[in-house]
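Presented sequentially are two complexes of subunit A, the first with subunit B as partner and the second with subunit C.
Presenting the complex of A and B:
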């Protein structure tokens, strides 16, 4: 049995409660705790992957408290959860390396919130209970509010306030939706609800569906309700922004589709509506990114656009499309990791304010970072041998085969827009003129290492063909876990 | 124009919500009453029914609500405790902003608005009583209505009363912080004991279950609730204190 999978949540929680005590002993120790926790989680998730491979890839459940599923809370772990877990712990590890000595006057509280944010996201990905999902959504968003305000200047307090207002609204919508479902089905277990959802009157189903759709769309940064994103991304400390963009959004997109596919067994009408939202999100995100002068803001809009692309892919409902969406999630997490961390590293070296023009000609002084950032931009745009290409190829072919030619055209148009502002950015950093601001060369080992490791991951995904073939197989299985409702129910409740 | 659109959306939303929940019967006894909708009553065995029937056997707690909160859905309770911990921490992060600037002004008018002798004496007498009542509520959480969250809140309210009646009343931050952390760690450790011994996280029937409806019953449930009580009490007190200090 793999009951130790619960340690993915229990250990970070233990560490977070331990931090205040550790800080009383020595003020310098708390900053190493996130590294230990994320490293442990990485090893544990690789271990679970090996376990799953040894057992024909059938997902397994973990019963908490020893109660059988509809009555107790259970975790559901399959390939999809493990892909996301590995992503969370790997990106988390890289960012906790980067964070050391980065955030100004980071005290023990910062590391506590950081670990709890990662813990909340981990819980979202593996839980099999609807109310438990809400609890983890709360943990994620409350730690996100506090981390947004961490710099404590006007900008970050304003952003945090906006985030709190809209985030609480999202929580209320989600809670009402869950309450209505619980009233009609008398159960909170996702598999059990899914079993009974067709006995619920249609208007009640539609009501709770729309409640959960609005609430989760706010968290997943979908179009009409994502106005908070650029402000929050710009104002929070860079490691936190990277976590938001690379991990938190991915987990909330997963929750969004788990609720649509499994809880509500959504039909094609709903999926087409969601696909429409995805298309608008993609276009608005990419077009707004064009005119930004602040790097973090530009990357925030680009991140919104990518969310749109992932949502389009998964809502196509075909196994190829969902697999492509999951692939794009992984790619985007790694690319945005490099872009946010790399550009922040460059900006601190020229002591700039975060404008793109501050980085004019930075490539002469920082050739390695500039090269890696440009490399990841090229991979993000989807230049053929690199990993971004394969994901986009899968998405486009599945959308094409589901008969939405116009959406294919719109995705390609958005890619062109994306290419315009990203290539303009590359042109700025490779400018031949001298840099204007004072440059102080600070080679920090803990900042270069995460960026280089991210870049190595891109190469691994791009050029090792054997790995790619195996990986595609895993992706298709993961897609099947998300879309195949009856196998989900039979795994959780038994046949 | 904006306001008209907002009003229209709100009206549609209200109509929609009203129509959905007007058929709901809150507080309706689903288990014993015959439902009109036969489709639902046949197919669904509510989780609540299982809890009522098996609670005595599985948890031996006479308060079913407690056994649902702590035992069946103990993982959620762990999450809720974390949410409170996060809220207290986050508040600390945001409130330290104004601390430095206002330090001098606060000391001047601290003697003003001091409550009268009656208020001071009464709260000094009431403080231990409220404290004991809070402890009673969380120790008897598995027998009577109430529990860790309620008891902890009562204890925090005792401290709030002391803050209000003595303007120079101070608490020892490091002790409160330690209690907060230690109780969180103990909660998880109880879970981990079950995991190591039996392969089940948060297994609460590790110790003898005792006699039904007495103080020493229900396995580890009262212990978990006492821990939650300590945690909630220290956290809410810290929240009140951080508001007061940065006023």
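Presenting the complex of A and C:
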């Protein structure tokens, strides 16, 4: 059996609270613990993938404490969960490698919060219980608040305060929604709620749906409630920003759609509304990114835009569209990993406050990093045959076939806007004039290695066609797990 | 008389809703960070009362089964109370964290007025 899957959550939790003790023994040891934990989780998720392949790809559940659902909490693990788990542990591993010499005066509590953040996100993507999901959401948010304030300067404290205020409101909305659902279905198990949701009176259903929609939209960075995103991304330490952009948003988008699709069995009206939110998020994000001078802020707005694209894709509800959305999640996690880590590596080599103009002509001094950053930008923009192209192709064709031509046009327009500011950025770093900024050479292998490994994954996803065919099959199965409610219920509750 | 009875029967909901509204007012209107935090705490308390009252059934007691006279038929639903315990713990953590951030903000800017703390846009 696969009861050891619970170690995905239990081991990071144990390691996180072990760190203060380890720090008492030796101050240099805590920084290696995140590497060990994420490496262990990577191996475990690959192991689960092999198990899943050996069992025809049917998702399985893990009963915690032996309680049979719907009475206990169960974990639900299928291809989608495993894709997200591998993403979390891989990106987490890269970032913990990068962090070793990066975060200034990194103390043991930084590593503790970092592991707790990863643990919360891991729990979000595999849990099958609505209240458990809320608890993991709160673990993620609280560690995110404190990591945002980690630098303890004015900017980061202010961003953290803003994040705490809006995050507490989000959790209140989510909690009210969950309470109302519990009151009307008398269960918290997602599959069991889904079984009973059609017996709930319509206005109660609409009330709890809108409560959860607002609460989760705040966490998933959707349009009217994403004002905190640029400030938090700009103010937190770069490895933390990378985690937010690559992983935390992806997990909250997954939760958002799990609640919409499975818990509420949302109909076409709701999905069209969410698609509209996605379109506005995409346009606002990309257009605001145009006028930014700070690199992290520009990348933050670009992240918001990409979130919009993923939400459009998944809310199209067709299997191809959802698969494209999941593919874009993977792509975006890797691209933003390179962009945030790569530009931060460049910024640490020059003086300045992180403006784009500080990096003028940096390519003459740092050819490898500049090349990889530009390569990932080109892949992100969707130049064939790189991996970003395939994801955008899937999304556009599915949106087209669902009859929203105007949305296709808007996505293409947003891509053009995206191309404008990213190509401008490439032009700045490849500027051939003499460098005016002071430059100190600091070649650090632990910073280059993660960036290079990220770039290798892009190539792996782009140019190995054999891999692509199998991969598309996996993506379609993952999409099916998200949208097919009746199979979810029969797997959890038994038929 | 009937509307008085209705309000009386749903007094927990009315109270919870009132607390949430007072809290929302404080969060939206006040500019002092401590007052905003108190507003958030009021919202939390309102939501907790709301959840507990969802599980409350008039005239029934706590489901403590070591007492032989208690049967499932005459006890209330205990799960919302378990949820509220968790929610209270989370609320305490968030309050403690935000108070420490507020202390640091005060040391940095010498003010608690969010309209004066403006390195970024609020």
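Observations, loosely collected:
To be clear about the criterion, the second predicted complex is superposed on the first by the 495 of 495 C-alpha atoms of A that agree within 3 Å, B and C clash if a C-alpha of one lies under 4 Å from a C-alpha of the other, contacts with A are read in each partner's own complex, and residues count from 1 in each chain.
We take it that a residue touches a chain if its C-beta (ideal position, glycine included) is under 8 Å from a C-beta of that chain, and two chains touch if they have at least 3 such contacts.
As the structure is a prediction and not an experimental result, all values here were calculated from the model.
Applying the stated contact rule after C-alpha superposition, one finds that A:145 touches each of subunit B and subunit C. Judged by the touch definition given at the top, the superposed model places A:431 against neither subunit B nor subunit C.
In the overlay built on the shared chain, the residue A:231 is in contact with subunit C alone; subunit B does not reach it.
By the document's definition of touching, of the two partners only subunit C reaches A:168; subunit B does not. Once chain A of one complex is fitted onto chain A of the other, the partner contacts of A:158 are limited to subunit C, with no touch recorded for subunit B. Of the two partners subunit B and subunit C, more residues of subunit A are touched by B.
Once chain A of one complex is fitted onto chain A of the other, the partner contacts of A:135 extend to both subunit B and subunit C. In the superposed model, A:67 makes contact with subunit B only, not with subunit C. Touch criterion met: A:183 reaches subunit B and subunit C at once.
When both complexes are aligned on chain A by C-alpha atoms, subunit A residues 131, 135, 138, 142, 145-146, 149, 152, 157, 160, 180, 183, 186, 188 touch subunit B in the first and subunit C in the second.
Subunit A contributes residues 131, 135, 138, 142, 145-146, 149, 152-155, 157-162, 164-165, 167-169, 171-172, 175-176, 178-180, 182-183, 186, 188, 231, 234-235 to its touches with subunit C in the complex. Only residues 20, 27, 33, 36, 40, 43-44, 47, 50-51, 54, 77, 79-80, 83, 86-87, 90, 93-94, 97-98, 101-102, 104-105, 108-109, 114, 117, 119-122 of subunit C touch subunit A when the two sit together in their complex.
Contact residues of subunit B toward subunit A in the complex are 16-17, 19-21, 24, 30, 39-40, 43-44, 46-48, 50-51, 58, 71-76, 78-80, 82-83, 85-87, 89-90, 92-94, 96-97, 174, 177-178, 180-182, 184-185, 188-189, 191-192, 194-195, 198-204.
By the touch criterion given at the top, residues 1, 3-4, 6-7, 10, 13-14, 16-21, 24, 62-67, 70-73, 109, 112-113, 116, 119, 123, 131-132, 135-136, 138-139, 142-143, 145-146, 149-150, 152, 157, 160, 180, 183-189, 196, 199, 203-204, 207 of subunit A touch subunit B in their complex.
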